[in-house]
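Down below is the structure, laid out as structure tokens.
Read from first to last, the chains carry the letters A, B, C, D, E and F; within each, the first residue is number 1.
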Amino acid sequence: MSQDRDSALDRLLLEAEVERFLSAEAELLDERRFDDWLALLHDDLHYWMPIARNVRFNQPELEYTREGAEANWFDEGKDTLKKRVLQIQGGDHWAEEPRSRTTHLVANVRVESVEGNDITVKSRFIVCGFRLEHDVDLFIGKRVDVLRREQGALKVLRRSIYLDQSVLLSRNLTTFF
Amino acid sequence: MQLADLIDTEAGTLSRASFASEEIFRRELERVFARGWNFVGHTSQLPKNGDFFLSRCGTETVIVSRDEKGAINVLLNSCRHRGMPACRYDSGNGNGFICSYHGWSYGLDGALTGVPKFKERYQGKLEREKWGLVRARVTEFYGSIWASFDETAPSFEDYLGPDMQFYLRALLQGPDGEDDGYEVIGGIVKWQVACNWKFGAENFAGDHYHGYSHISVERLSVGLSGKTSRHNFAGVKVKQQPTFLADPARGHTIRASVFAALAPYDDQEAASAEVNDYYRQCHEKRQQRLGDKSRLLIRGGVIFPNTHFNSAGRTTIGLWLPLSAGRTEVWRWLFVPRNAPAAVKDTLREYYLRYAGPAGMVEQDDMENWTAAQRGAESLVSRRYPFNYQLAMGLERRSRPDEWLGKDVTITEDVTEHNQRAFYAHWARLVADES
Amino acid sequence: MQLADLIDTEAGTLSRASFASEEIFRRELERVFARGWNFVGHTSQLPKNGDFFLSRCGTETVIVSRDEKGAINVLLNSCRHRGMPACRYDSGNGNGFICSYHGWSYGLDGALTGVPKFKERYQGKLEREKWGLVRARVTEFYGSIWASFDETAPSFEDYLGPDMQFYLRALLQGPDGEDDGYEVIGGIVKWQVACNWKFGAENFAGDHYHGYSHISVERLSVGLSGKTSRHNFAGVKVKQQPTFLADPARGHTIRASVFAALAPYDDQEAASAEVNDYYRQCHEKRQQRLGDKSRLLIRGGVIFPNTHFNSAGRTTIGLWLPLSAGRTEVWRWLFVPRNAPAAVKDTLREYYLRYAGPAGMVEQDDMENWTAAQRGAESLVSRRYPFNYQLAMGLERRSRPDEWLGKDVTITEDVTEHNQRAFYAHWARLVADES
Amino acid sequence: MSQDRDSALDRLLLEAEVERFLSAEAELLDERRFDDWLALLHDDLHYWMPIARNVRFNQPELEYTREGAEANWFDEGKDTLKKRVLQIQGGDHWAEEPRSRTTHLVANVRVESVEGNDITVKSRFIVCGFRLEHDVDLFIGKRVDVLRREQGALKVLRRSIYLDQSVLLSRNLTTFF
Amino acid sequence: MQLADLIDTEAGTLSRASFASEEIFRRELERVFARGWNFVGHTSQLPKNGDFFLSRCGTETVIVSRDEKGAINVLLNSCRHRGMPACRYDSGNGNGFICSYHGWSYGLDGALTGVPKFKERYQGKLEREKWGLVRARVTEFYGSIWASFDETAPSFEDYLGPDMQFYLRALLQGPDGEDDGYEVIGGIVKWQVACNWKFGAENFAGDHYHGYSHISVERLSVGLSGKTSRHNFAGVKVKQQPTFLADPARGHTIRASVFAALAPYDDQEAASAEVNDYYRQCHEKRQQRLGDKSRLLIRGGVIFPNTHFNSAGRTTIGLWLPLSAGRTEVWRWLFVPRNAPAAVKDTLREYYLRYAGPAGMVEQDDMENWTAAQRGAESLVSRRYPFNYQLAMGLERRSRPDEWLGKDVTITEDVTEHNQRAFYAHWARLVADES
Amino acid sequence: MSQDRDSALDRLLLEAEVERFLSAEAELLDERRFDDWLALLHDDLHYWMPIARNVRFNQPELEYTREGAEANWFDEGKDTLKKRVLQIQGGDHWAEEPRSRTTHLVANVRVESVEGNDITVKSRFIVCGFRLEHDVDLFIGKRVDVLRREQGALKVLRRSIYLDQSVLLSRNLTTFF
């Protein structure tokens, strides 16, 4: 009984830790503290955002382009993300100069499973980007993260991002998800 | 604004109205898009009979299908009864299409095969052969598929002209010089940009002057190996001459490099032994196959009006699809050498993704600039001042380094706006054409 | 595209421009909507003096009010001073309307009753009788309220014509055949669809050919009882003949069933004793009241141009409101028999909600198809190919099963596009009319 | 004191359970596991979405159409929802074939009251649906759920959905809320 | 709708098409906006050489800069090469602007200072002096900066006319009557409203008739002190006469108060000793400086066509920027007396913020009403009925309380639509003008 | 160890309390219980929403207009907010008559720091307002609150709202954030 209760509380503590982690991460992005953000990414991170396709109801496996095999919006590791950060930080990446003002919102955070040091987390996101006088981009979708605990700290080991647009209705994807 | 005054070929200027006027936009659709040939896809997307995918032909949504006889069809995706799209899946395999509105059914070749109540209520009188899906003229060219809805247009080969046939064939040759050497990677990249389609077209036609757009990425080695700068070409040590070729009578444009001499491979992909070996072998095979002509390396260009491509180590073909004077949808097909090892295909795929499209570290800055420039074409006072295309004006010539570089083309070596001038001169002729 | 060529009555085809051209849309507004009569609501929405609600008359927002004398007024909801809506509440009760901009006030009949500073600064000169809210012509017809802003239009009765008067009266008769037998359920259903308003109009005019649109719902017994298929009619065992009637001179269209003979009720609502008993009693009363004419069952139709209705066990009246060539707002009034027991009213209400509108399992597929078909009417090449309305062409006749079915109407029995042909022929006349 | 603390933790555990339930439910919908979703609905479920009206400030009671009496967007039970699910699953419900890609986001989850086995929960939702090449629908509103605990498991007994649009700006409501 | 019939000066009415027709909108841009002078900012925004900020001139985005010589420049923010904005920062300091597309660079005065490959590929032939950023004509007027892109327009002084010069100078005098007495608060307030720009213009021109719009705020003491009602003027005990002045030949309009006599300050800001003292001192200084003319208090107005201002204790200048017939962007500059103590500046700033703009308790109701009125100008039937501007018609006069109030102006005392009539009469002349 | 656990649980309880507070506050606004809402605001509340500017990457300090010194969307105290409430409640504030229907959504709630009685909380918000037949406003941004605990109850002492639009694309800001 009280053991049940303890494990229930453990679960709660874990969920809270994960929510804090994801909220803090979103804040780093919105505050453009990109180096601190990179520090939350595991060196073996795989960062993937597939392209959505319109398919027959009985072929759901074709709905999203395949990681490592087909065209995707993003399908890369930390090294490339580092380059993206460096590009923005230079002040000469015109698509982000002047900078966009972003709001990263994370919700429906759910710990799906815990295996050893790896925690699988599902969530929903809304990313809103404003730039210049009138430009607005609204990105809404789903995310599946694998967070790995190393020396007590959590790092993003895998991130799968489902954007749901088929034709991207924005000119650029200069923000991080 | 008289249509005849849109362009001033003497001065090398073009009216901003060309990019902002909805009236000119409507004329473009009728006189430029409805009359041309468009790239709609590649045979590698249709391996089996019954395969189909949706594509675009200028303003139109089309079905590209391989029928039971193995023939390729390009069909207007609009039911002849009430206009409903006959197919609503991006791709698939089947034996035809059933319209979800009243259930008319069509074969893979567009034939109207089924009409509910045909006997009872149409009394068998409906002329089914006349009411099939509208079929486009189709041409296969070394694996690429082209379509036109204009019965009066010349054949695709004549539309290309002799020189462009040579360049396009070369584009479609694998790194080893083999014809039809590429296949499409799954997943067409599609997005929208709030600018006129011609900003994209003129960029791909040959804008080597906009390096300033990309200064940020030059610092970051986004090249094929991820260790070199953004461009990479079949590397040889000898001097390569950037060369810009345009077919003034047809509006096609090409960016190319011409190497001073045949030379051995210089291990530019040394970062990966497997990739490097592959490219060395290709380099050698290509020299054997093409001999002296292997000194020509296609870097990209535009098949008039809106089929654009990049090459030089990465092959992509795309479409600038006009939605309105100020909005464009872009489709991009990514290609890899058909026979390359998986490591090469993966390396190329990753290179494309970080380079091109909305998530591409290079093209992001293009899109940003085009979108901003569009505003300058639209506002009331600024649109009184024409755009300037005077770069290297007067430096184009008909004589050329090698006669096999083309008969009908004009050529400029080194950075120039020569190709844009040729593109717009042809475009303006068609737009002003009253026939 | 010449306006005279929009329709080809010989061939049974209609130009797609009719659905996509903004120029034709503007002509529609002037020549079709501004000249017709529109349903604006029902007397059951105005039980008390001082009651009012907002409605639409084609492109206009109107106030429908019952004034102190009990008279019904339809007023253009736009202050005569600077155009501000005089009323901004969907419905309510009061003694007039005060404009929130400068405070001009109007009576329930639209009279300009109050003008700040009238004496001091208008020096009493403002002709208040000329500056009241614009009043529409209003006609009550068996509980339904109709309005027109065209002073030159015929009376509503002449606009309907003798036959349509008969059908519309029949539509408004309760299940027991009593005149003005319905009342409105609270809450008008309003939504928008990205297609031309005529996709809706032609569907309600008589498209029994689009069963394929609804194959999914046929599996699911969404009928009145929730146990039977989606349609239900005053069930009798004898053969019922689907019949399509059109008034070619006025553009009105009707879908109906004509039963071969008078027959007893067959307990189709057996699922609920109370409901079944009610309908049995109604069936019998109706036969007594209407005699042989009770064999006619109105299933739906369109009062030209955009007032549409469904009947046959569920009575709804709605409006296709044109916002642009490619966008339409829909308003739907749901009706229940005034004297029915609560159980019947509830059963009907639940039936409507799962059947019709954006959450309706049946109409969802209509809206999806119309929206997709609209694209086919818009794109440059596809719009060159006319829509096909040849179904059962030549099968319409003036002779009819029963002379009381109408004098001026043409009739086709069984599935046909006869009603659409009549609707569009009249529409095309008005659009092309230069007067 | 420590008793206060215990009851505070009990409350926390309950809130976490409710949030998990609603996030998991949203996930089932986005993953189109409709049968599993139906299993979360109580057999006596009432599912209600009224139509909003523009009314005078002193007549708030008229603002939403009445359940069981007036026209509503939804006003039905589980049996009808089952039919809606069957319709989508058939692959011939054209308004959902090809399928929409949806993101269900739930936030501001607040346990309003607990009475016996019934937990009243208020929340806010954003439902985003993409379909075909370019169609986007964004639905934003408020929800009041009554969750009933039976044999330990929670089920949705009542769901009231306030969409706030007066004229619905979308052609269809083919998703679940 | 004939353009000549837009206005009926006899009847005092104006066609609603003036607010809704896109054709009339296009003519406005060409004939009204492109030909006028516009406020673009204030010298206090450019304290140092090299300072710049972005502003608008009608439809155009402009750079306002102070160059190395200290001169103020107004430049069309569109690169002459391909139209890209040369500057994308709202404000800053630097020695020029580099275009991010191909890297052309411009000086603070717009001169084309840098062109990549100028020698090699333009062969030095590009006429750089002709391809600088387009320079507007610029005039400084007591600290305010004005620009025009019309070479044929009269000088700013002639455009203002003698009377308006007097009023505008007075507007820009500090509370103590000192010329150029104000400075801009950091942060320009920018927002959009879904109505025609003229709803804003006519409101600021002199609509003291719309008090009903603001009844809610009258309850709430939103005045300067937060304890008094929303307006506050240099308070004296003597009668103040609201006076409306219009320059019919030029379209400018002024709202003012004329006090019956010179009088001592009446401590209206007693709520704050410091503020009250400041205003008392200003009041006295002003009387000394201006003598009898200090009886004139400017309350607001419009410099034709779209520069609007409010004064009377709070000074703001703004622009109604036309985006389309039905959409307007608003920019607002907030001013405080240059030499006022911090407490006064803070009090004024807080007063503006709760009064004006999208978060302003007063202007919110204006925006709501204009947006709603716009619909009344657009819909098909309602737009047949002209707007009414008959308030106090015939009460304007050329004679005036004090001859120094102006030579060329017509005047009405007390609430009237006189200024709107003058504004629209001039506007209609320009729109109908075929030259 | 168990002390760590206790303090971890204390933190959890505080976070839950804060989330409940912010959700309850959002509910009061959506239910137009404005007087109850005002009761949640500290008498010394400062309520600030700056205007965003497009600036050079190396001048982030200029990106938002300064509180108490420059033009802002909101820069006021409780007294002015009270007036705004009174204005809406009168039924004659046309910009809110008929009333807008709003949905206030709060997410990424993160307790940044606790100093004495003051809790600094960061969050993201989406405020959606519908009014009349067709008008929709969507406001998305970031919030930093300082909540002060007095006699056990939390009150909003400071609220900073970052809206990210530069040119406001809506005609009015008649809702509270």
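Quick note on the criterion: contacts are C-beta pairs under 8 Å (C-beta built on N, C-alpha and C of every residue); 3 or more make two chains touch, one makes a residue touch a chain.
Computed from a predicted structure; not experimentally measured.
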Path length in steps (a step moves to a chain that is touched) from subunit C to subunit D: 1
Lowest number of touching-chain links that must be crossed from subunit E to subunit F: 1
Selected pair, out of B-D, E-F or A-E, that shares over half of its residue contact pairs with C-D: E-F
Chain centre separation in whole Å, for subunit F relative to subunit B (CA means): 50
Distance between the centres, which are taken as Cα means, of subunit C and subunit B, whole angstrom: 49
Cα-centroid distance, subunit A relative to subunit B, in whole angstrom: 33
Distance from subunit F to subunit A - Cα centre to Cα centre, in angstrom: 26
Multi-chain contact sites of subunit A, meaning residues that touch two or more partners: 9, 12, 54-56, 94, 97-98, 107, 126, 132-133, 166-167, 169
Per-residue overlap in subunit E, given as positions that touch at least 2 other chains: 88-89, 100, 190, 213, 365, 368-369
Chain pairs in mutual contact under the definition given at the outset: A-B, A-D, A-E, A-F, B-C, B-D, B-E, C-D, C-E, C-F, D-F, E-F
Residues on subunit A engaged by subunit E in the complex (per definition of touch): 94, 97-98, 132-133
Subunit C-facing residues of subunit B, complex: 29-30, 33-34, 57-61, 76, 78-85, 88, 98-103, 116-117, 121-123, 125-126, 131, 134, 149
Interfacial residue positions of subunit A with respect to subunit D in the complex: 5, 8-9, 11-12, 15, 52, 54-58, 60, 63, 107-110, 122, 124, 126, 140-142, 162, 164-167, 169
Interface residues, subunit E side, partner subunit A - complex: 88-89, 100, 190
Residue ranges of subunit F in contact with subunit D within the complex: 9, 12-13, 16, 20, 22-24, 26-27, 30, 32, 89, 91, 97-99, 101-107, 126, 128, 130-134, 136, 138
